[in-house]
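What follows is a short report on a single structure.
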């Protein structure tokens, strides 16, 4: 198929942050601007944000070694302006300010054809399995592009991915009038607190050992902050819930001990939504924590395509949530080493990388 | 069975507002204080509020003539203090500040035994089918009594019935991030606006011809006020929803034309929850309004027992909603004629009647 | 875009049943074989079946006059063999035996992007709004094509559309262990009986005035047959359900009186799924039939894309339902006049038209 | 409270199987017939069946040591005839043939008041925490008694408890048209196969190492039998499901390795319902088995009160399932030692104990 020629204003090469080989580190390189197919869109990246996943890739840990195939361009949280569109693309125009769902679903499997594309059997994640957005330009399938409302702060454009994770987690069950325990106040945990707050949750307990993150929990709307290292979390939550435990557990940490504690906090008949990814198998007391308890558990992967995006947009557009407090740092893309260090230290929450300037 | 003797501090007679016979009007009378059975509770009423149903009974309209069997004591929205308990009652003590679910379900039918007691086939409504709460004392089955949290304004105690109607209506489907049309700004419509707002609704359109009520819609959290007598409601809502129509229709008016308009406002695949009771059959364009639209409709009756009460309490206790603006008048019970006139005139929204003082 | 050249074995012209102009009737004509785009598939039709919609189009009734734009080729229930594929088509090969979802969703609207493509705001129905399948060949978007399992009788291939309607209707709520009233024993009503039976429904009441159709209800699995013209349907169903009424109402007739009766048959808290399309507005007793009843109503349009297709295929593939009894006649496409007469007379249930032989 | 005098035809003493002290074994003893309160029912037990729980109590294993307080009468699966009723009991009469839900919920907690009495925080299980049904008579709260339809085989009366477990497990999510893996063919697993079959499941895979039990799986409706000791279960199920894995996992074994395998068999986006109780914590690969998979998990405890009972009754009354093949032995209550041995050996599936003859 003939590709639509890319506009003459688009350069032939660009700067990108590249994972060059199977070893720790990344580096800025000059590389060709990606070409696009008939159903793709080329986006001039404005802002990209750094996810914990990027840190794994940077450090080249076990997970990264098994999954990542260098050389490639990481980065899966971003926003930017459409620079060119493929010839079959409809409804998107050059100049649109957009973000994108980076889980590219196959479109053909059982899941894709029955409303579960977010758990496509053959998903390819841009920025993980293929070139992503830590670059001046990114090529994205048009059906994955999300036009951003001008009513939403431009700062939040790159955050739809992690904010969508939070929305998906919180809204995977009833939340209005429910008491909620949020395990972990990383960026997605913090977003989850804000979403729960905006959607009518009753008491929100934020459980987090890092003091800085815990305080951000308060800013985002938590009712009670608990430090698992020093507070008797179970006793306090039982006392505050009339002895029942919480209606809803939002597991955002991936830490085995937090997961185990979370299920002890959950009331009989409660709902647990699990987003945090444990690095290894977790010893689960299924008898008492799940079965006798009559618990419902939702494993949360990505964002529903695109129900979650509509919800996320509505919450931001109507001013129901403010993501600003979570954005702790802004750096140019070239300062990625500094960003990784800030993230690793626990000092940063969400870091925005500005691109191409 | 022997009944627990009622405490000597409780008088033998009391004042009650009575529907004396099959004709318009009500009157204050001195009547015996009700006796209670082993599983009942006697409540000293502090506040009762007036519902549109009471106005139907007062005026002795067609519906009232078919349903009501005078003489009896109306009133089904109230709060007060427990004055005595039957000998088998557990978990409720003299002195507790309480309200009550006045739909007394049979406990034996299919619905009662499968989580749908709110649509019990053999329900008896206190204040409609039997003596209610427009009196110094009311006798209520213990299982219907709801203990009120001290964190909730004492003013809101009598409002759990209509507020619960609103909570049941709004939360009968997804609401977070959804656009909502509320047809009718009577007290329950106003409460519904506040609940939708508290639970993360996106744009809330309040449609109401009465200017005073419509303005209260704004106070309670509506985004857009529309007057069906002068505004092009459909055009405005279509424009504000990108042409789709609203995600959720909350029908709180019972007016045939509002119901018909509501379904035209609803988007393809939307949800309609119907609470307002039309006085007669309604011509429904089922083909376009429901079937081709793939709409989901929920008929809303009373409050879920007692899921709705838990939700209502959580929303009030956590300060998610403020019912104060809807309370437009306070009168002593003896001024019931004035209350009925205020209600009829459309000048009042919710009127609190203070009892026994 | 260059189109993939159609194989030399495909002729330039074909026979098709055409709606030639804005008047009653149809006629066989020799017309060009349709061309296909890059994402389309050309199918050599083997069997097409006749739907009530086709009869409306044939007779050129009020609905048809408002919707149909002649000249065009009707027919939306069919199966056949893939004769050619567009150059971007994946997962479908020449020679595959297929059927297709003829609701072509836009892919861009809120509904399409949130799992509700079956109520796409901009849907185009092939065979209604554009050329369909009463022809030797039909051109269909690849994403709408459904490969048929060889384990399913070839006879049922053209029936996925109406059978899918039935599956969608029955499975739009709980059915296992539920008592069910099916209003109307046209082909989709009959399929619905079989699906309800296969999915664990308790008593199934088939309500239908036409004796032949009613008897087919028995064959398909109804427990009790009722003739609304002579039986006291409400009394019999109340008696057979312990006075409660049915758990589930499946409205497959579109007749106002059947719809009204259906809601009287439904128990408090029951579920009604409405598929039959009434030709005009229906007087609904919303107060007693829906609101006080706490009923849930689902408007049913088409088939969920493609959840319904997976369910339909599983039920047929595993032999859970047998559609054969509903196929009462087989005719060559050229005998369409006879088919329309048979359908009109009420003598036929589902008529298969063989094509191209 | 004065108790209704028990009819003179009821003896003062009875025979009961008693757990006499904190050690292995049980013994038949002559004990007083239990007295009943105003809201209780006395039932002359006809048949009781033996559950794996009874075997734990018999053997006095670790779980039993922690939970059971001897002396008391075990037995929680039974049916019999009402011999006397308390004075406040309505809707139950002497002579009624009944079974009972032995989970006695408190009626006051959050769960009890919001449709989740099956996970009451303060539940007391008759036959575990208090006297049960291995006796000539059992005293049961009237609200827990279930009248048995005369259309249901008298043999199945004592099986509502385990059959209800199966119904609850299978119907905790969609089942029609779904592929299902049943881990474990003990009695509840076998019942689950029959329920899945009756409710429209597609392929049902029964995974069980014991050949006799596995064969019963076939009788009850399994499509494919797999022996985890010799078959490559994962490869076979993947092959039979087009590579996806099963839609639904029903975990009925409680074995850690089966639970782990079950989650590997489950497709992306699938549903797992866990009923089998593992004796210890289980290493769970939450990342791959639950979170990335987007799985939904339901912990299953008891039976929903009383939705499950209505469903179970409907399935039995309408002849949708036949429980007979699972009843492998019948013995008089006095032969309990033999029953325990048969159960332990794996030779028996469900054993009926006849009482009082």
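In order of appearance the chains are A, B, C and D, and numbering begins at 1 in each one.
The definition used in the following text is that a residue touches a chain if its C-beta (ideal position, glycine included) is under 8 Å from a C-beta of that chain, and two chains touch if they have at least 3 such contacts.
If you're wondering where the values come from, they're calculated on a predicted model, not measured in any experiment.
Residue contact pairs shared with A-B exceed half only for one pair among B-C, C-D or A-C, and that pair is C-D. Interface comparison, B-D versus A-D: the pair with the greater number of contacting C-beta pairs is A-D. Our note on geometry: subunit B versus subunit D, Cα centroid distance of 41 Å, whole angstroms. Subunit A and subunit D have CA centres that are 42 Å apart. Multi-chain contact residues of subunit A (touching two or more other chains) are listed as 110, 310. Those residues of subunit A lying in contact with subunit D across their complex are 109-111, 116, 118-121, 242-244, 259, 267-269, 274-279, 281-287, 290-301.
Residues 1-2, 38, 87-88, 90-91, 107-108, 110, 113-115, 143, 304-307, 309-310 of subunit C are the ones that touch subunit A when the two sit in their complex. Chain contact summary for the complex, subunit D toward subunit C: residues 167, 171, 174-179, 195, 198-200, 202-203, 223, 310-312, 314-315, 317-318, 320.
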